[in-house]
């Protein structure tokens, strides 16, 4: 169905999307790149060329950078572990015949639709507050001293909150993948005498491998830029400053644009390394 | 192929699944319940789950706050506006890539996806300064455009996968029947892809509604949506649990309902078609 | 008017040429069937005429107007697709009325035309249903109805019956032929089924690998196939081919005899063989006979009540020497 007419029409119809995305990507990115070579601090009225890669060198060599990368890795890693393992288990559970499956599904999926600022605030105040939070009551009920979660275990708390939000995502996708598993394959394995555990290890898990990879990659991309949860809960204090948050603070809070922009470019590069792997998988899918 | 499972096993699995489901849902349930309590009951020790004096007072207070309506309205404008704008650009684009694939179509699609991978923080300042200098800071139009661009790759991808399922024959039949390109899209493609377009729309509204980077950083008062409103409860107002809960419930309820309706189609959009 | 002329038309997809230079003339009111095995380019050829694909080179004239670069909507043709391609979201009435709507014809005039088409096709009772609620045959008729209301210069059919079951196919075949007698409009019909070609066509175009092997009326093709391919393709069961000494007796590289032109005898004949499978259809019996020196054996049509079964010895001979087709080394008829 390709004719000269339809092909040129297609180009025309694709043009707005391509153009807008091109502008959206290139213009700000080039500007960030430009700013990253400036010593630009509007509050002090400084606006001049930086000394070569000075901003990059300063950003990378500062201890806050190393700390933020470490924090980011711990957070993202922790959330991925919880959501992927939890997601596989939950998906297996929800795949079983149960009464009221639809309702349970809805209950499990709900957190994904909760606004990040809401979930952060609800957890922060109503659960993790050391005086009136529900956890405090629970601790007191068992005779323990309530914990001030956000200052005593800040990273864990944020990992917990974000995992709660993303567990449904992982579950939903893994459940979809499990349901696409050919049941005859399972039955054949059962006839061959495979136990439930080896059926899981040799059939279900390999079948899920691709979905798990997709979950890991997509979540990583989103998690690398978690913002609202930190903004609302700790505001970057208590060692919860991720790379994204560090750049945000440099740019908008301390208004050191040059330094922040260099950090931004570094964040883009790191995110792209993950993105390349994701794109390979998605790209393969386009072929068939 | 479905086999009879023993009743006992089903009962046990059901109980476990329900327990876990309720546990995961509990924070939301708790928020909803608290929103009907008085402030005193909200922090009562021991906390009560259902047995308290139900009141709508918190909703009245939050609703009466002069600006709540504005935040809500802003959320609606931004979510719906960016979705409609996005669909207007995405439908022709997805049409052309699904039905007129060329040699570079695959590359274009991958490139579009790659724009989604760019961390927002990398372009925060340029967008911020451009917004400031053009006077668009804290306006609906700016946020609509930014949210639209942010979700455009997802919309295009999602529509693409739905369009791919429409038999080309039918579009060709329309062409043979004398339909112009415009009529082909309006009278044949769009109605046939309506379920797909609807779930794409829903996902986009959800994503736009919950977006909490640009909405927090590019607004102050005029265009600030509910994400910013809730963030303002961060302190010290957040300690009024009942009111916080009422505000939160109102902020998440519409999306929760939409999300439940569209959950089956979401996977496709969220994984760019990599998991079906 | 529906005169279509293809002049030096070629089509390539990337590097592969699927249609080498091809010339064809289709006269007004003719029922032309493109027939050939799958992948022979017959559907591509139809789509080139429809304008759904661009020709790589050459020109297509419709009614002596150069239509090569005219979009499909403006060529004045109507097409019926293999998959019916009905609009699933529209009622039958709206489906049939769609081309009218696109032409700007609405209201009473459109209703009248739709009703007429529905009457011709026995669809009057189904006008308010959606395509999903119709049987395969009814869907096919809706697709035809949609083509009729356009009052096209020519109808294009792309294997329209291949999704129907055998009984329905015979019925629809008759209906389409009848329609042609009624409308007297040019029809171009693509099929891989030589029975459809033989029964419906005024003119058959046999295609192989994008090449036209032969053009002619059904009887011409049956009686005078120009080469082995056409000889083997037209006629059912297919013609028997014999190489070697038997062929040399006729000064040919290969000879062909149709099953209906062979005689089976229990006592004497040219070729002696053993019955492999005998298919008793009642009216006829087809015997597959294994003959020494003939690789594929021979198929013969015998009387319905012939008493020959698996393992019986049988003698076969051509009914008449004029019914023997002779081919040279290159497969061309001598």
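Brief remarks follow.
For clarity, chains are labelled A, B and C in written order, and residue numbers in each chain start from 1.
Heads up, the rule we're going with is that a residue touches a chain if its C-beta (ideal position, glycine included) is under 8 Å from a C-beta of that chain, and two chains touch if they have at least 3 such contacts.
Everything numeric here is computed off the predicted structure, so don't read it as measured data.
Taken chain by chain, the contacts link every pair, so each chain touches all the others.
The interface holding more C-beta pairs in contact, when B-C is weighed against A-C, is B-C.
Taking each chain's centre as the average of its CA atoms, subunit A and subunit B sit 16 Å apart. One inter-chain figure worth recording: subunit B and subunit C are separated by 54 Å, centre to centre, where each centre is the mean of the chain's CA atoms.
In this assembly, the C-alpha centroid of subunit A lies 59 Å from the C-alpha centroid of subunit C. Annotation for subunit C: residues touching 2 or more other chains are 52, 71-72. The set of subunit B residues touching two or more other chains comprises 172, 175. Among all residues of subunit A, those that touch two or more other chains are 1-2. Only residues 51-54, 69, 71-72 of subunit C touch subunit A when the two sit together in their complex. For subunit B in complex with subunit C, the residues that touch the partner chain are 167, 169-170, 172-180, 183, 187-188, 191-192, 194. Remark: subunit A residues 1-5 touch subunit C in the complex.
Those residues of subunit B that touch subunit A in the shared complex are 1-2, 5, 10, 13-14, 16-18, 20-22, 24-25, 27-28, 30-31, 34, 43, 45-47, 89-90, 92-93, 95-97, 99-100, 102, 106, 108-130, 149, 152-153, 156, 168, 171-172, 175, 181, 206, 209-210, 212-213, 216-217, 226-228, 230-231, 233-234, 238-239, 241, 244-245, 248, 251-252, 255-256, 258-260, 263, 266-267, 270-276. Residue ranges on subunit A touching subunit B, taken from their complex, read 1-2, 6-7, 9-11, 13-14, 16-18, 20-21, 24-25, 27-29, 31-32, 35, 90, 93-94, 96-101, 103-119, 121-127, 132, 134, 137, 140-141, 164, 167-169, 172-173, 176-177, 180, 183-184, 187, 210-211, 214, 218, 221, 224-225, 227-228, 231-232, 244, 247-248, 251-252, 257, 260-261, 264-265, 267-268, 271-272, 274-275, 278-279, 281-283, 285-287.
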